[in-house]
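Letters A, B, C, D and E mark the chains in the order given here, with residues in each chain numbered from 1 onward.
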Amino acid sequence: GAASTPTTAPPPAATGAATGAATRAATTAVSGGAATTTAPRATTAAVGSAVAGGPTKDVKVGVVLSLTGDSQIYGSPQRQAVQLAVDEINAAGAIPGIKLVPAFEDDAGTKDRGITAFEKLIKTDNVTAIIGPTLSNTAVAAFPVAQQAGVPSLGVSTTANGIVEIGDYIFRDSLAEAQVIPTTIKTAKEKLGLKKVAIIYGIDNAFTKAGYDVFKKACDDNGIQIASTQTYTATDTDYSAQLTAIKGTNPDAIIVSALAEGANIAKQARELGIDAKVTIIGGNGLNSPAYIRNSGPAGEGTIVGAAWNSTNDNAANQKFIAAYKAKYNADPDQFAAQAYTGVYILAEAMKNAGPNVDRKTLRDALAGIKGLATPLGTFSFQADRNADHPPVVQVVKGGKFEVLK
Amino acid sequence: MTLLRVEGLTRRFGGVVAVDDVSFTVGAGEIVGLIGPNGAGKTTVINLLTGLLRPSSGQIEFNGARLDSLTPHRIARAGVARTYQNIRLFRGLSALDNVIVGTHLRTRASFAARLAFAPAVRREEAEARETARALLARVNLGQREAARATSLPYGEQRRLEIARALAAQPELLLLDEPAAGMNPAEMDVLIALIRSLRDEGQTILLIEHNMQVVMGVCDRIVVLNFGRKIAEGTPAEISRDKDVITAYLGEEE
Amino acid sequence: MFGESVRQLMAINALLALSIYLTLACGQLSLANAAFMGIGAYLGAVLTLNAGWPFWAVIVAAVIVPMLVAVLVGLPSLRLRGVFLAIATLGLGEVLRVVIVNLRATGGAEGISSIPVKTHDWHLALALAVALYLTWRLRGSRMGYAFEAIREDETVARTMGINTTRYKLIAFVLSAALAGLAGVLKAHLFRAITPGDYGFVQAVDILTFAVVGGSASFLGPALGAVLLTALPELLRSNVLRDVVNFEAGWQTLFLNGVILLLVILFLPNGLVSLFTRQWRRPTPLASEPATVEAT
Amino acid sequence: MLEVTDLRVAYGQIEAVKGVSFRVPEGSIVTLVGANGAGKTTTLAAISGLLRPRAGAITFDGRELTRLGTHTITRLGVVQVPEGRDILATMTILENLELGAYGRRDRDAVRRDIARMLERFPILGQRRGLAAGSLSGGEQQMLAIARGLMARPKVFLLDEPSMGLAPQLVREVFRIVAELRAEGQTILLVEQNARKALAISDYAYVMESGRITLEGRGADLLTNDAMVSAYLGGIVIDAPPVVDPGPT
Amino acid sequence: MPDINWSQQLLNGLFAGSAYALFAVGYTLIFGVLDILNLAHQAIYMLGAFCALVLVTGNVAGLGPLPGGMQLPFWLATLLAMLVAGLLGILLDRLAFAPLRKRPDTHFSGMISSIAVALIFEALATWLFLPQRSQFPAGTIRPGAVTLGQGALSYSRVLVIVAALVLVVLLTVLLRFTKLGKAIRAVAENPKAARLLGINVEAIYSFSFFLSSALGGAAGIFYGLAVSRLDPTMGRSVELKGLAVIILGGMGSVPGAVLGGYLLGLTEVLSVALTNTSNYRDAIAFVLLFLILVLRPSGLLGARRVREA
């Protein structure tokens, strides 16, 4: 880094006033083009010193999410959560000398648009980091672009295999299914005495398929018999043929490796007369208030192994839930929680990297994140840049998630 | 020499026997008329001859070889070309392009050769274009080369179809009501055209309702009624034939 | 003005558009291109990763195998007309997707990632040049005329000695070759492939390229692909975001739809008519609807 | 009754009808003759509202037709049997006839009319339940005429009704036309079979390259020298010079 | 080997088939009339469903409650939503199809312009109804199920089956036996001839779009109710199968669409029941489709060509 500026955080009130042209003009040029500048260098010092409480510079963060198409239902809460976190951080001046400027891009749930979005953010917007994309399938194609350009990128909902392996600039705060599900199965077996289960999963979706693989292994490891394995595809809306076949095997529980359609599967299972004694067990995909809302009574008793526990009363989590609800008049889901957490992780890393943060220093700072209090719990990155925080096993009771104890 | 021999040709559609045990021959260089009331089965005969329909029974021999189980494009390759009663031009193509398509059977150039800009290909394409131009001129459409086929008036579309069929240089030309939609003067032009073709030795099977044309050009006439052959003979014989008069010609008032 | 990957995508999509142009040129509404692309992509990835073939050999295989599949599928199905052919060929894509999802070698739903980048810009340029040359030389050739005749009236074409089955098969097979080529090049460019990439949506996108570009000339489809690839990227422009306050999401989707509609409505001969002065008839792409009997 | 004044119709840039005026008085047969491409079909299309004229007026019973839609014109009683027949191939012969009476409300009379048509054209009676598309060319022509009659037209526009018909039927068609005239029907006839057409016409116009070049009573024209040489045949002439329509 | 609950699986197949048929009848109507694949039908299906939801709950997710806190009973909401869907259909025709009517490439350009309109509709739905899954509130219709042998079917599913049958019968009667139906078929076959016969062709187009879209809207409502799933992209998931069904049934043939629907639905269900795996279900269905088309190139009840020349 070459030029530097004083780094006292402005009080929240000042941030508001400092935004706009003045702040932008005050941005500092950093070598390597990591930090964004919207004003010519020459003016930097002059304007910078004019701002009370020290100048802040804009740091652009790209946010690539699925905002249209089938997966918009996941990308949309993520976007809201990111915006919320950014606003909070900027308002609090949580990163001394830095104001986060998010640049949202839509990947429409496709690889092509994901790649071009990454490229545009990196080359045109000159972002310092990227959050997203929503889908693992997009991530495997888009992250290499970031890796090659040396832009630290943080997956907030990418759970498939082989993500962080793309390179040392790739991180994720989303627990892989393998980190969540074995505990779930083990706990469920203890509580319910499972002997025989049936599994239904989405065969053409990387997330649900990966979940299935782990569920299957966990069942095998725990000596649970799998009486029937059924699949569906992303475009299906009626699962009754598969569920009828499952019903015929009289399982103790049905394992559902699904996303939003999990609620429909639960509901249709009950409609087919699979009674409430047959527990539904799911993974991260079911960890959403929408699951409870959409499955209604059918969802009661569902056991959900998850990366985020909505009832966790740690301060960060409660603050997040309250703020999200206040701003958007809706309960957040795990997608939102992880995306929100992602911004805070970035912010922490930027704080640690200092006001001259660039792509390289940010990467290093990210790798050093340890023991950060987040809505997900105490969060660290493992050496391989995977997330490390405690998973939970929840149960739906009385229309609410509770920790299964 | 007999070019075409039709033997016991029959075609049924459900209960309707459109062509019923019809036999006739067409000699090389001959112009044979095929006439009969509406629905007598004339067009069906042509459809059978060109392979668009399969006979229910009977045989078709052309140049000594059986045609009746060949696919339409093989029949065309054997030397049979036709026009359609309800004009079937390539609607989107220009008049010239319609005729150039007709030269398909007369050209050989492979696409690979064209990719390589082989001079032979260029020559052949130029020839096809010239042939097509000459044919258009021959049917008095010389000025219409670039006009889209469907923008031509009815009568000209008919002549264009004839030019397209001639482009294949067929041994046997089947004309299905070429004069329909033409006024008497234009019919005279058509008659002259058919005669000149005959002079060049072209064999033609001609379906036509206009007696001026039929009597003017045919060497021999075959008459169908309800799918059956009811008469055959020279124009003079046919015009006197009692059965033909009652079934088809009627009395001139 | 566009990033590298946008330009690369344009080239690949142009290849795909030319691939469908070949079948449309002879009146066949085949939507198998996406499937052939998938075959090329998956085969290429497997050969590169598991068999260690050199890239040129991978390309050859990824072109030839789709051609063989095209022969197998084409022989029974090419007698279907219009949308009937379309749905039969879409079926091919669906079957392919199910197979890929279920096979171990293809990585299931997660697909194959970390395919080494082997496609360079010159590959794309060369492939596109070949495809353009092929389609450019088609018009006016004997085969080109045969294609046009088949498109306009298949029955008449047959009675004029055109072996319609043969030409339709040629078009289908050539189209498969181009699609397979596009597939393998793309897989080795963007590193990751998944089964969902080659389905209905992709098939319809390819058709859209060709129609929007206009198919009166071979340039149309290529142009359509280029512009439609650019459109969403243009809608990303910071001008829209900062000045008009457009947000990525439904607003850009809306604008995308509106622009597509306007192009279709006001450029009757496709985008290509913006650039070519010469008079060209708006060409009906496939044969007229079949005359049918009342049921 | 039907009056066309200074009608101009163009396809794109090309004017196919260049200022044509004529009248079809009530209860008479008026014939348009002319070479291929003279603009006869185009004129009829403009009357029926299938084409928008570039200029000129078409009035029927004092009502301006040029702004009306084809269906309205047909329902007013100006009914056309088009060149090329345009039968509904996938529908049955009976359905074709029923649709001919689409604008009519008198169900019983419609039923009687259908019976009359099936009698008049026996082949249609035999095939009534079959798809019209399976008919032979001439049979389809009969169906087209019969279908037109089903509308009980006030003015009947016939575009080459004898085309594709066997000699006997040609006579039959001209007899029907004459009969209709006797019943008080108004008829505008376009025919290539000029001799026969003129013989039954009250009045006739000759069109050439989009203009009317000759007119007169039917019987007079039959003996008109220019007419005989140009349209009634016997002498081979060159086809009329034509203009390349060029880009449209 | 587990027991196969045949009666339940047949009911499942019947339901799936009815759902496809319900979607497909409206679709095939336009296909038959215009010979154009209306790729915006799925968007109207979605909008119809949302419209009913709005009327039932009195709330537009993205904007807030309706003025006056209006909440309608399901039946009334359905009728009104069908009306709205029908009007949207007319709008669709005016926007996407009417301007292209005279163009020779109208088949293709119409397909693409309908995609464009579908995108527009979807974007608007995302704005109005938010990118989220919604469903009809519990108790929208009486809960409960009909049992048949060992099988059971919830009332909402029975509703889909009954609606499919009723609408199909009505539509078939309309097309086959009424004057209007004949006019629609005439327009479908030859618009010029239809004009000359005194048929107001544009009115017929509008009416067909109204009818088709009202049916499409009803399909969205009933199906969305039965499977408890509404979202702005819900139509996309039925689109391909709906397309397959109408092609399988035969171009523009309403009974064909129903037959095709049942065939596809039963094939899917049976392939699951018999093989005890659902992994190859779609492949089996599409291979079957392919074979049927190869054997019957114009679909099950599709008409064959009358004469070649």
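Heads up, the rule we're going with is that a residue touches a chain if its C-beta (ideal position, glycine included) is under 8 Å from a C-beta of that chain, and two chains touch if they have at least 3 such contacts.
Quantities reported herein were computed from a predicted structural model and do not represent experimental measurements.
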Notebook entry, point to check: Common contacts of chain A and chain C?
Noted result: E
Check: What pair of chains is linked by the most C-beta contacts?
Finding: C-E
Next item on the list: Could you pull out the chain whose C-alpha mean position is farthest off from that of chain E?
Entry: B
Notebook entry, point to check: Which chain lies the greatest distance away from chain C when centres are computed from Cα atoms alone?
Noted result: D
Check: In whole angstrom, what separates the CA-based centres of chain A and chain E?
Finding: 36
Next item on the list: Could you tell me the distance, in whole angstrom, between the mean C-alpha positions of chain D and chain E?
Entry: 43
Next item on the list: Could you tell me the distance, in whole angstrom, between the mean C-alpha positions of chain B and chain E?
Entry: 48
Checklist line | Rounded Å distance between chain B and chain C, as computed from the means of their C-alpha atoms | finding: 40
Next item on the list: Return the residues of chain D touching two or more other chains; collapse runs of consecutive numbers into ranges.
Entry: 89-91, 95, 131, 133-134, 246, 248
Check: When you check chain E against every other chain, which residues touch at least two of them?
Finding: 104, 122-123, 126, 131, 185, 240, 279, 281-282, 303, 306-309
Note to self: Where in chain B do residues touch at least two different other chains?
What the structure shows: 43, 52, 84-86, 88, 92, 148
Next item on the list: Name, in rising order, each residue of chain E that touches chain A in their complex.
Entry: 2-5, 8-9, 12-13, 15-16, 19, 122-123, 126, 130-133, 135, 138, 145, 152, 154, 223, 227-229, 231-234, 236-238, 240-241, 268-269, 272-273, 276-279, 281-282
Next item on the list: Could you pull out which chain D residues touch chain E in their complex?
Entry: 48-50, 69-72, 74-75, 79-80, 82, 86-91, 95, 98-100, 102-103, 131, 133-134, 147, 151
Notebook entry, point to check: Okay, in this complex, where on chain B does chain C touch?
Noted result: 50-52, 71-73, 75-77, 81-82, 84, 88-93, 97, 100-102, 104-105, 107-111, 114-115, 121, 125, 148, 164, 168
Check: What residues of chain E sit close enough to touch chain B in their complex?
Finding: 104, 307-309
Checklist line | chain C - residues contacting chain E, complex | finding: 76-77, 79-81, 83-84, 86-88, 90-92, 94-95, 97-99, 101-102, 155, 159, 200, 204, 207-208, 211-212, 215, 249-251, 253-254, 256-258, 260-261, 264-265, 268, 281-286, 289-295
